[in-house]
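Please see the structure below; I have some questions.
Order as written gives the chain letters A, B, C and D; numbering starts at 1 within each chain.
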């Protein structure tokens, strides 16, 4: 979920409520706040807690809520996890600490040190292009032995990695969830046994992603192909990246398109392009 | 296809013949020589021509032969393409020149300059991890307008890229072939409309790959899942990389496992491990 | 300056005092807290403020204090800068925000948005290996026009970049400071007109670095060569990286060697190796 | 030395003769052909031999000639080394094979396998930005024990690496030459004990580089600073990269500016810019 903002350190609370409604009524199986698409690392820690608080209030138990606690400081991660539990979230999600590149043993120790601090189940978040570190086969094998760890979200774009990790877990932890990041890979992933996606584009068009997931899960190949191609169409027009998502949501009247630094909202000309494409896609008239 | 060698500059001609037979009778749709798995850049230009000559002779028209002409020198690439035509090959394949990293305009100009020299159709070969350069959307769009270019082999491992390029070609050049490099992606690719794979592992176990291709093409999801998992099993044991392939083929009595510099064949201990695994996989007794 | 800790979120205040004394009496021209060597991104924001507060108190105006405010959130950076001014620091230092890789225009805008929030002069900190982004020639040229920006600390290890930036500033801003990160480059930098270094190794052996700086500034080539080689000797033994520095300082009785996650202090065996080398270097008996 | 060409596979023999004269009378200590600036990997093997043959003839023993034999095929490298000896060259130079990224043990074995084939002394050439592989400390330590290896040319731009390797050789092999690639680092290198540079810019302005070398060797800091700044001026105008060098040499009437694929000579507009700058630098009227 994107984080609707009206200013650098001000949440667009009304926009957040509309966005939550759009997602929940669009049929999503859960909501992930404070991920990459949520611009979490760019937000103050105070605002991050505010996002969790309001989201939990608006969702009100209708779907599970996952909270990103990725940070460079384990102390801040643990504090945010505590707040997430207090507000009623269902799980937390962390990638590798991302300033110092941790070696694999250090990455394992980092998770090991974090686990006892967490009042909620933990999902690992593999995001090497931004964190400079991937969870290795060895670390994932270790994580399979930790009851509190419940799954892996893989945004590496590397389907070979994704499926290797999934095969690794197959007998040891059939309860683990394997979710894929790049939305363009949702179809392939689910067709061959993955569990779903955490896909930024679903902010804009949740039903499309829900339908693709259902078609792939049912093994309906022709429907899967058609919907998958539709998702590439969304992506092609720059409306699936964070700026484009916020711009699109603003055009739809859902929420403000203010971006946290170092980014800025699209200018009017780019906004017109997005508006035109939303029209072509039938998302606005 | 791997390149069987008995010494640094000596082709294992008898081994090559056995390997060609294994592949053709295994049901492959074509043979690609002098690719990455063929260690082409590590071979002398004289030996590269010898590989083409003997392969053409052994295949004898039963399946099409594609010849890798990737080189840092356009003059050498053109000369090898000429030889390939003389020996009776069906197409040539080139990636980007890989010492100087070419910008995209330069990459396009490189292909443009090479085309008139080629007596055979050309397939592009995207291999950014080794060539430092990917064929951009713009270059592929240009290539779609060149009659002599007939397809793209993508070994990037990036399925999002692969499918973007495929969608790009869909109406402009329905005759293009889109083939995938990493064998672990063969299933996904074909399920969603790709045309096949050029997969090193097929040297070892051609029927497995042919069956997976056919299952995916027929939309048989449970068979696709089972065979795809089998391929991950092959890969897991290091037998799908070049050294492992040659070692396995040597254990099977197909050809020598001599590696071109800078690599060396597996030592006896590693060879024993591979032997054990081939047994587990049911490939040797 | 390293950040002495006794636990994950507990400052080693007495150790900090001893370290400050070592540096100030060792003749350094200034103290930089909360940089990379200070493990700043791994510390809670509360602890970061505590470091600044105590350092300012212990230094008590004897040398200028620079405070690292690098963060992924501009709001947190601005708040820390405010605290730094309140505690009496002299300048703040920021690198690029380091989760999302900012393009150069975005990097310029980020600094532009940050500047009015800063009650202190700003030094730029180029650290591309950890932030994924370098300050480009264009951004540095723009920064030369901002009165509040007073210099560049370059930890890229790329001396060609360093000198290009220095020549760029030569007439426009002769007041700028150009300081180099990797201590092994201190000699070269100062010999050819740079202003000094911010070098982790100075925690351990401040007088060595002060003497090298003075020799290079005086153009004493033979002394520069000898001292420069000595610094390579320090580095060779792993005592110049953060873990090694903290271990060495602990052996010397200066401060605790607790490391912030994801790192851990050296084990006893490694500690013995460091102890032996400090002996060889004449730093302990 | 750049490789003057009049067409894709045609040497500009008269231009080569003028260029050799310019360099030798400009006072260089030796000539390095078929390096990166010589576009060697882009040339046919036939043309590479022709370059060596004519250069040896034109130099006629006045300065030593080093020949780059870097290739992806050890067979081709060995054959070119043989030809170089036959034509009367003095040494050969090789970087790592650059298609397959060799691990360090494989890199050592590659050099070990190459050595007995070489009729001439060998200098190592560290060029990781193009070969993807750096010669590690361990490989250099091994090389110090090989009598036939006589030095290291380092084009990594990493002065810390350069000096670490130099200190490593100091007692073991005081006869080794340590030469630096990026010309902007020539001054620093020589001031602190390096032996010189192999610098593309010397094609254009050999005396400038010779004077800088002499000033740095003599420890004349103010002259070193002035000349070093002059070299940055040359580089700033794009005349120090291969295209710019060939364009400048063509303006000076030395040789043709034909570039081997995938590159092309500058267009007229860029050529005018270079002409203007050569005027400002006082190289043409």
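Definition applied: a contact is a pair of C-beta atoms (placed from the backbone, for glycine too) under 8 Å apart; a residue touches a chain by one contact, two chains touch by 3 or more.
Keep in mind that what you see is a predicted model, and the values were worked out from it rather than measured.
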| item | value |
| --- | --- |
| Centroid comparison with chain A (C-alpha atoms), farthest chain | D |
| Rounded Å distance, chain A centre to chain D centre (Cα mean) | 50 |
| Computed distance of Cα centres, chain D from chain C, in Å | 36 |
| Set of chain D residues in contact with two or more other chains | none |
| Each pair of chains that touches, named by its two labels | A-B, A-C, B-D, C-D |
| Complex contact set, residues of chain A against chain B | 157-160, 163-164, 167, 182, 184-185, 187-188, 191-193, 219, 221, 224-225, 228-229, 232, 236 |
| Contacting residues of chain B [partner chain D, same complex] | 8-9, 39, 41-45, 47, 72-76, 79, 96-102, 106-107, 109-110, 113-114, 130, 132, 260-264 |
